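Note that chain A is present in both complexes that follow, paired respectively with chain B and with chain C.
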Partner chain A sequence: MLEVKNLEVSYGQLKVLWGINFTVKKDEIVTIIGPNGAGKTTTLKTIIGLLKEDKGEIYIKGEKVNNLPVHERVKKKIALVPEGCEIFPYLTVQENLDLGAYLSDARKRYKENLESVFKLFPRLKERRNQLAGTLSGGERQMLAIGRALMSAPEIVMFDEPTLGLAPNLAVEVLKTIKGLNETGYTILLVEQNVKMALKISHRGYVIENGRLILSGEADELMRNKHVKEAYLGL
Partner chain B sequence: MNLFIQAVITGVLVGGIYALVTLGLTLIFGVMDIGNAAQAAFAILAAYIVYWLSSLYHVDPFIGMILATGLLFVMGFYLYKYIVYKTSGLMAFALLYFLSIFLESTMVFVWGNTYRGIKVPYLSGSLQIYGYYIPLDRFIGFLMVSAVLAIIAYVLKYTYFGKAIRATMQNPYAAALMGINVDRIYQVTFGIGIALSGIAGVILGTIYSFYPSLQGVWIGLMFAIVVFGGMGSLSGTLIGSIIIGIISSLVATYVSSVWAPLVAYVILVLTLWIKPSGIKGRKI
Partner chain C sequence: MSFTRSLIKKCLVSKNKKYVVFILTALTLSLPLLSSEIFYIDFLLVLFMYATIAVGWNIIGGYTGYVSFGHVAFFGLGAYTTAILLVRFGLSPFVTCILGGVVAIVFALLIGIPTLKLKGAYFAIATLGLGFVLQLLFLNLGSLTGGGEGLSLPLPPWDIKTSVEIFYYAMFIVFLASVLTTYWLEHSRFGLALKCIRDDELSAETSGIPTAKLKTMAFLLSAFFPAVSGGLFSYYATYIDPITVFDPKISMYAIVFSMLGGSGSVLGPVIGSIILYSVAQTARYLITAPGVDVMVFSAIAVAVIIYLPEGIVGFLKGRSGAK
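Let's look at the complex of A and B:
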């Protein structure tokens, strides 16, 4: 579904990614873990087109998308739930969800998608006429996820979806993501919460200093000595 | 008392036109954070185009207004697409300021710096309601302003396109993630903003006489209204315009029309002093 080959990205003079390779297959949950500043968010932003790569190739469903702008890549049925949610604070919850279905393909399935989002997050239905800026942190995350689902994506990328949430809410969010995977979404997840993330994932990649240093099945990674010491505190 | 009510009526009518001429400025400022210093020059340009069409080719001023508005939209669209998008902040302001002077000079060159007016024979005279006079041209102008404002409000509130504009205004990155072509939104908004000032320019041209350097007077007033109403707030612009219209009209009636143009600037200074965020603290 998603393939990244030899990806190199810089911010000005500073190189952040030094040739990253990975794939996400259909129906998988794949997690990218790594310390702050390793290049995880950069990877997701480059895949969706918010950042431009220096080198390397990005394939979405087998199609090379390097030269497409963000709004064209989204049409390939890939969605990003960005770090910090990035909801539209002065629009209502309903309007935020409407914008998720901005593209014509998504508009055709507006009603059923809205229904399933409200079923997944009844709280959003209760607050549909409220300005999104008045929501709590957990509700904002629900809205960001709901908004992404409104676009009827096949691949959903999550950037630190549990950031700043209380532990019980973080568990809820990761359970929701696992649930989404079970209903047919392919998922690429970036998480600080390594243990919980690996528990729900099929495979994982470890990025450090802009380089891929480890990859494997999720349970394999959990038993890895380096992962244990650096990320699981064991 | 009669005099007072008459002054308020006049103030509301004039304020409505202030609102329309400023609305495009507010929209462009709100969505792109660009202070379009050429906004008033485009308004005067539209008035000249209609004056020229009607006096030379006998085109009805309202047909002329539609043509001029369309032309200004196209100019705004391509102006943004090929020039303005490369700049931002002060550089954009300087560039557009240069454009305003360039347009002014061009208009002086083509039409001369003399007073002109768009004649609409069927709009002369006044309505008389309960003994108060309402000049027909201003009344029709006000109705058109209200209709345009209602359409803009409806589009922004209820259509996908309007929601996309508001989303882009609040968070262009997230808007792109929704599949919105943010560059296109900027181009179209710039075109609409310029076109709106064109409509206002033509309506003004049917009521008052105009000349190329009038744009310098207008742009000052418009920026004062934008600050008073709250930077980028459309409803703030409407309320601010009407308030400034009424106060100016009262000053003209009770003090002297010589002092009326000062009202907007006194309000500007008071706004910056007491509540710098304006009537409405936030965008749209």
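Let's look at the complex of A and C:
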């Protein structure tokens, strides 16, 4: 579904990614873990097109998308749930969701998508006419996920979805992601909450200092000595 | 206080809005019949002109969140387009004012493509230069624009009263068109997308909104109406020069009127214009010392920024709580 080859990205003079390779297959949950500043968010931003790569190729469903602007990539059925629940605070919950379905493909399936989002997050339905800025942190994350789902994606990328959430809410969010995967979404997850993320994932990659240093099945990574020491504190 | 607030709220925010707007429109249309005083008609005419500029500004500054400090550039361009076409080619400004709008759109396209890549204060500074650059240009293109001497336009072929009335209706139509456009914007997908760009451009982009294209379209739309009103103004004033029609004060008026009323809403700039313009003009007639209107105006602007950051409409809708 998603393939990244030899990706190199820099901010001005500063090189952040030094040649990253990874793939996400259909119906998988793949987690990218790594410390702060490793380049996880950069990777996601480059895939969706917010950042321009220096080198390397990005394939979505086998199609090279390097030269496409963001909205053209979204048309290829990929969605990003950005870090820190970036929602539109001055719009209502409903308007936020409507915007997720901005593209014509998504609008065709607007009704059923809206229904499934409300089914997934009944809380959003209760608050549909409220300004999104008045939602709590957990609800905002629900809204951000709901908005991404409204674009009828096949691949959903999550950038630290549990950031700043209470532990029980974080578990809820990851459970939701797992549930989404079971209903047919392919998922690329970036998390600092390594243990919980690996638990729900099929495979994982470890990025450090802009380089891929480890990859493998999730349970294999959990048992890896380096991962244990550096991320799980065991 | 709370009673007034709820009363105004009823008039503005609820379903009664339609009737209020209808009554106001009817009153406006019949004013020339009710009053024989040219003063009041002229007062409202100029008010409509400023309101049109403010409404135009609101599309890019209020809805899209790109605060332009150079909207006078479009006003001046419109004014000069019709003036030049009338003086040199004898074309009627009532027709060519639309052409002035088109010229402004082309200019906005040229300016918008590079400047809309800038964010926040950088966009504001880039647009601030616009008015000044055009002012200098028109001062120095003497053979075409008459330079610093300005252009004298032939008098309209009617007696003063009729002529003021005709311009009054023409300006009102332009004003109404700009408000209706914003009304459409408020209820369209395009407008919703613009609000998104204002709230969070990154998220807007990841939701699949073609931000660059929509921002530019909003900028063009917001350039059109000030230019058309400028075109009418030049024929009404029968004399224009670069100092008056590229006066940076006009850009400021557009911003402050919108902010007081509530930028990013349909009626905000209109309400702001009515209140502030009336206050400034009253101050000017009560106290004859020069510059008093500007001082009153500035004091109100400061007060608005401190106490009503969301403007009157935002305050009534209780928007200040979000975020």
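Methods note: the second predicted complex is superposed on the first by the 234 of 234 C-alpha atoms of A that agree within 3 Å, B and C clash if a C-alpha of one lies under 4 Å from a C-alpha of the other, contacts with A are read in each partner's own complex, and residues count from 1 in each chain.
One rule holds for everything that comes next: contacts are C-beta pairs under 8 Å (C-beta built on N, C-alpha and C of every residue); 3 or more make two chains touch, one makes a residue touch a chain.
The structure displayed is predicted, hence computed values, not measured ones.
Visitor: In the superposed model built on chain A, check whether chain B and chain C fit or clash.
Guide: By the criteria stated at the top, chain C and chain B clash after superposition.
Visitor: With both complexes overlaid on chain A, does A:L131 touch chain B (first), chain C (second), both or neither?
Guide: second
Visitor: With the two structures laid over each other on chain A, which partner does A:I87 touch: chain B (first), chain C (second), both, or neither?
Guide: Both partners, chain B and chain C.
Visitor: For A:I48, is the partner it touches chain B (first), chain C (second), both, or none of the two (neither)?
Guide: The answer is both, since A:I48 touches chain B and chain C.
Visitor: Check whether A:A79 is in contact with chain B, with chain C, with both or with neither, and answer first, second, both or neither.
Guide: both
Visitor: Name the contact category of A:N6: first (chain B only), second (chain C only), both, or neither.
Guide: Neither: A:N6 stays clear of chain B and chain C.
Visitor: Residues of chain A that sit at the chain B interface in one complex and at the chain C interface in the other, please.
Guide: Touching chain B in the first complex and chain C in the second, residues 48, 50, 69-71, 74-75, 79-80, 82, 86-91, 95, 98-100, 102-103, 106, 147, 151 of chain A appear in both lists.
Visitor: Which part of chain C faces chain A closely enough to touch in the complex?
Guide: Spelled out, the residues of chain C in touch with chain A are 189, 192-193, 195-196, 198-200, 202-212, 264, 319, 321-323.
Visitor: Okay, in this complex, where on chain B does chain A touch?
Guide: 160, 163-164, 166-167, 170-171, 173-182, 282-284
Visitor: Touching residues of chain A toward chain C in the complex: what are they?
Guide: 48, 50, 69-71, 74-75, 79-80, 82, 86-91, 95, 98-100, 102-103, 106, 131-134, 147-148, 151
Visitor: Which of the residues in chain A come into contact with chain B in the complex?
Guide: Those residues of chain A that touch chain B are 48-50, 69-71, 74-75, 79-80, 82, 86-91, 95, 98-100, 102-103, 106-107, 147, 151.
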